[in-house]
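In what comes next, subunit A is part of two complexes: it sits with subunit B in the first one and with subunit C in the second one.
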Partner chain A sequence: MKSNQPLNSEKVFRPANLDELDALAAQTAEGVTYVAGATDLLVQEERWKSARILVDLTAVKALHATLEVRENGVLIGAAVPLSRLIRHPLIRERLPILVETCRQIGSVQIQNRASLGGNIANASPAGDTLPVLSVLEAELRIGPRQNGEFEKLSLDQVMLGPGQTSLNGNRYIAQIFIPFPPRDAFWYFRKVGQRQALAISKVSLAVLGKKKEEKIEEIRICPGSVTPQIVRAQKTESLLRGQPLTEERIEKARAAIECEVSPITDIRSTTEYRRRITGELLREALYLWLRN
Partner chain B sequence: MEIEFKVNGENVKIDVSPKKRLLDILREDLNLTGTKEGCGKGECGACTVLFNGERVNSCLVPALQLPGSSVVTVEGLRRWKSYPAIERAYVEHGAVQCGFCMTGFAMSTVALLKEQTFPLSREEIKWGLGGNLCRCTGYSKILDAVEEISHRDDILEQVHEDWQHEI
Partner chain C sequence: MKKSKFNIVGKPVIRQDGLEKVTGQAKFADDINYPNQLYGVMVRVPVAHAKIRSIDYSAIENHPALTTICDANDIPGAKKVGPIKQDQPIFCYQKIVTPGDVVAMLVGESEEELLRLRELVNVEYEPLPVLTDPRKALEPDAPLIHPELGSNLVIHHPLRKGDVEKGFAESDYILEQTYTTPFIEHAYIEPEAVIAIPREGNKGVHIVGSIQNPYTTRKVVAAVLGWPLAKVRIQQAELGGSFGGKDDIMNILSARAAVAALKTGRPVKIRYRREESIQESYKRHAYYMHYKVGFTREGKIKAMKIDIIADGGAYSSMTPFVTWRTVVQATGPYEIENVWTDVRGVYTNNPYAGAMRGFGSPQPIFAQESIMDEIAVQLGMTPDEIRRINGFRSGSITATGQKLEKHDVNVLTVLETAVRETDFARRWRENQQQTKKRLDLAALEEAAANPGPFILHKEDFLEPEEVLRKGIGLAVSFRGTSLGAEGVDAVAAYLSLQQDGSAYLLSGLAENGQGMRTTYSIIAAEVLGLRPEDIYYLDLDTGYVGDSGPTVASRATLMGGGATKVAAETLRQRLEKVLRRHWNLPETTNFVFADRTVYPENQPDRKIAFAELCNLAYWEGVNLATIGWYSGPKVHWDESVGQGPAYFTYVYGCQVAEVTVNLSTGEVYVERVVAVHDPGTVINLLGAQGQVYGGVTQGAGYGLWEEISVDQGFIRELNFDQYLIPTSKDIGEIVPIFVEGEERYGAWGAKSLGEPTLELTAAAIANAVRNATGRRFHHLPLNLEEILLGRKLYPTSKRGSV
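Right, the complex of A and B next:
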């Protein structure tokens, strides 16, 4: 017997503002599919086909257009296209690590659509902005708002593993606050993939550091694409923190991070390759810091 | 769902599934077949169009995001005053063989000329065209063509002028 319901009866919502979005998130019993730049969503055929309630986040200005530079950092709408960040003079000046990372994602066509919120919500361990947001200690603002306030969470509270986030019950990423590192901070991001454009990373590494009187005052190290969750290499960080940066210390750090990470083997690379390259990338980063 | 948007400067009203890709709307509903499908996954750039003045892969834009937007395809680009000079450069450098990727390259070329400060270095051109794949001509001739265009102030000025009129 044929159903009277059309097979593909999708519902589409394009909320005009945050209040409409929050009401929709709170009042819809069924799970909704949030759509931002759609660059990951449309190629995940099963997920895209089965999506029944589609909510267009690019219709909401607070998510698609917010780019507020403050004294201590920048507040970025979760659906703001990466190319806007790449072109923004103050973000280029204060967050070069983020701009360089965004430039290495996909292609200009992708950067014109893809967003930080999408990269986080897609929750791929190979999401290139994730290690960078981790070392920058970005703060994620999660909706719908409770008593007018977004919930503030860190990246590791949201991204739990491949395709897994804590964003259940129609919660969404609204905005991302990124504190500015000191102007003289050392930064490094490198991704290793099959080719430069449009390649998914095999391994990546983000490093942010600050020296004080020839000693490492602060260092944050986060590998990407190697583990299911995005986690900083805290043991290696503590081996370096408070120490002078010397060749000997760099070699120790390389050995330490190779022990600390437990990479996966998948279609793009192997455990052994990822372990070695993570060590080599850290070595390269620290030598660059030593010599500059 | 009913969608009203602008294609090549003209208002268009269609009734399509919200999940239908812009690429398919252009080719099937609007008979604008200059935009090609290569990979359908945002990797090859053959389906590049301008969407609200930015180049995007039309295979990754769902219909539900189209209402109120403005799209320019190669059919629209052909009417731009700057277009003949760009076409001539590609032809003179032998940068077109089978031509399948060419409409995507043309869209990316005007977008690159608009986006960047000039003149472009070879590396900047490579980065700017990194989202377009060519499987037969090879890239040297394409890069030669775009490098020449990027040194021509008259073409650049015309691209900027066209941009204001056509987007």
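Right, the complex of A and C next:
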């Protein structure tokens, strides 16, 4: 690939490694459109047709192949297909909540192409991995590298609202580091769509919790599709943190989260339904935790 | 026991066209291209109701990408078409009556360029008030969709039997309820595509397309061109799904392509993208149904009064026939002395409605089977009990005054089979108990609307274990086979044996994906002692066999099967004659045709190979080709009171749906559907099972997800991201069971199955949901919002979350 040729027409680049990618990102004055699995991009026909420069990320090993298990977590290339995560034995063991969300995305065909980076950068509040990445406190590594280093950002620093990210100036998501939760942590992910497959979420909910001596030591709750930006339900979390998990607490938490979320009415659902279901899902999650 | 007399009939036979379809070799209309081909792209106006003032093409007229423009001025013959009333223009020239309407077609080499150019056509129009509610269509001040007709009434079918007022007076209880069902999209996987090829000299035009009813298409194209029928040849390409949907729309697209092909002298292709397909093609009718039923303490129904409005949308299409089936079947398979039914089809500015698998039956079945369960609940009976009391038996008189006889009237047989298979009554009763405790929905809604001060207590909620509820429900139906009093009912089948014993077969009905070629091959093979694979099915072309009417009304196996059997028997008799002469056997000798051999019944060792016999006949100059013809017996109908033997015979079905409902989210999961059908004799077991799997899944879609909702005439769900059909993950086990009743018509009594499999499922699911939740839902589909909030919520078109 020649990265220094004038970029004044419709072009597709397929950089072969990180250096080529970074050079391309840095030297291209115009905005480029990155492509990983293309499962979002291809259906947004107007977007890809109007894109002047497409940059295919699937030849950059650091993005498309990285799956590095470390002691405290796993480093995942932003363009790694979700089905690789679903099949990976250690991810299945240590991050079942991530595997569960990936499994519920689209269909097997979609999972074979779709990536975490694409799900994040597409910046849909209905992106199913987002609430899960949020409760896992994933760390996003953003390129191009400055002095050989990726910038490290949290999800809410990157995904700012529907279709909005902070990834301007040809910045891209390179990798995602996900710390392992404790082995005995409670986890829950549920998505409610109109049907069982190939359905975009009307509401989803991710919960990660840990008890210590019958009290909730730590709890992270993140709903999807009900807030413009993916944010944790901090008020509801603080209502639960440090408290014993009781039926009464559960009902309070349910009411609290219904107040905390600000769902909109759009093409897939309505404020009324979404608010209600967020509460119901939290209740379902906490009862599951209480009863086992 | 019945099967033992057959060699192949009733066994599972793999589809003849299966291999080329699963390997991607099959040629669908859009796979076919001709040299020098042009494309046609439609010009529409974003308005639901308007008077056209002028169409100005000046901005594009001289553009190099444009070969020509076709509009109403280019039509030499009929400017408006339609199967019953000719009210639908090929190109609109007076009015726009729904947003799918087309005013002109741009023709050129590049579709992409044409798509850009169409934005530049300037149509001046005067907007008119929009009528979207069919219940208001007949009000005196309603805007008239087709003013020349003087009314928005497309058709009114009254049915009067007995004295309903007397029946209600004799009843101990009366139930009254309104039910609605939405517009439905056929959702065939292959959108519309057609090519018209002008032929040299005086040979006319050749059309190849994704066409369900080639003979109907030919009539429309010939009328539009003002040509004799024989000058138009329609050929069916492999068809990627239809479900009744590739009739009117394909006739119109074929006519547009033909007009353009003759104007330019070049082949013209039209192919739709999904959005355009959903926007312009017709739908299953939305129904508004009011049912009033009176019954005694013992459960005997004394009277039923039904008032139905069918939304026909902008054009009449098949509305008169669809609603006719409704009026015949609206009371369900129950003997009721006093019936008063009115079914009215009306015009609105909504997308037009026409034929779709079911054809006027899924709607009333949803209403009638829902109310039957309500009667059972009211009387403390189980749903099967109430149906046993009222169900048709041999000799019963239908609502149209027809006596059911001379075939097995199997309503109760299919019911008992399904009930036994599912242990229905016990489970239904158990589930009724679990629903004693209910969600206080009012309190929950108030809390949701007013979240601040209002905190609910645990008692207001269900225990987490109670959230998942099991339900079981059933529905039964009877269905008139074939066209009935709708029209002429006759079919041709051409069979030609070759010198080596192989054969060509072609019926005048179309392979629309239902596996009909295989069915016919089995029938011919059974008669001639061949294997289905010895028979090579020809491509359907209107030039070869006689007009056999449309491939609709689940009539292909019954009518075309009958014709194929006649053809095969004719050739068999000719071969028998040759053999008698050859072996010097008396006239009375009977032969057995099996395993590609023929022998006298009483001399099984004296065998001749079928191929050898054909060769013998060939050298004797015997005609080994014939056209079999099968026509249905006469039926008649008195329109003024809706009385008469509407159909010459009937089929029966019962489906049981088992569901789990999540009360906290409104999710319904269909765990299992047991589908018991009497289609008469089953010809291809695999084909029959396939009909059940597909029909039940489609019926579940109708019950739970599918809906074309319309906003001021504009369809909201223009693609499959919003119009949700079930996936393989959405439905559990489907168990087909066949009860093969005796029948005199068709090939060995083979009747119909395609539509019966679909018409019952939504009703069975709705009854199962009632059983699970204790709540009755009156409006399809039972989607999450309907179940949870008890009403439909139509999202705005704002795409907030993408």
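Simple rule for what comes next: the second predicted complex is superposed on the first by the 283 of 292 C-alpha atoms of A that agree within 3 Å, B and C clash if a C-alpha of one lies under 4 Å from a C-alpha of the other, contacts with A are read in each partner's own complex, and residues count from 1 in each chain.
One rule holds for everything that comes next: contacts are C-beta pairs under 8 Å (C-beta built on N, C-alpha and C of every residue); 3 or more make two chains touch, one makes a residue touch a chain.
Quantities reported herein were computed from a predicted structural model and do not represent experimental measurements.
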Determine, under the contact definition given at the top, whether A:Glu10 touches first (subunit B), second (subunit C), both, or neither.
-> first
Have a look at where A:Thr265 lands relative to subunit B and subunit C in the superposition and call it first, second, both or neither.
-> second
Chain touching more of subunit A, residue-wise (subunit B, subunit C) = C
Report for A:Val192: first if it touches subunit B alone, second if subunit C alone, otherwise both or neither.
-> second
Identify the partner contact of A:Thr129: answer first if only subunit B is touched, second if only subunit C is, both if each is, neither if none is.
-> neither
Using the touch definition from the top, say if A:Glu247 reaches subunit B (first), subunit C (second), both or neither.
-> second
If you stack the two complexes on chain A, which partner ends up touching A:Gln175: first (subunit B), second (subunit C), both, or neither?
-> neither
Identify the partner contact of A:Asp56: answer first if only subunit B is touched, second if only subunit C is, both if each is, neither if none is.
-> first
In the overlay, answer first, second, both or neither for which of subunit B and subunit C A:Ser107 touches.
-> both
Take the contacts of subunit A with subunit B and those with subunit C, and give the residues found in both.
-> 43, 107, 196-198
Could you pull out which subunit A residues touch subunit C in their complex?
-> 43, 107, 124-126, 162-163, 192, 194-200, 202, 225, 228, 247-248, 251-252, 255, 258-259, 264-270, 272-273, 275-277, 280-281, 283-284, 287-288, 291
Write out the stretch or stretches of subunit A touching subunit B in their complex.
-> 8, 10, 12, 14, 35, 37-39, 42-43, 48, 51, 54, 56, 58, 81, 83, 103, 106-110, 112-113, 196-198
Residues of subunit B touching subunit A in their complex?
-> 1, 17-19, 21, 41-43, 45, 48, 51, 54-57, 59-62, 64-65, 67, 108, 111-112, 115, 127-128, 130-132
Residue set of subunit C touching subunit A in the complex reads 444, 447-449, 451-452, 455-458, 461, 464, 467, 664-665, 667, 669, 705, 721-722, 724, 726-730, 783-785, 788-789, 793, 795-802
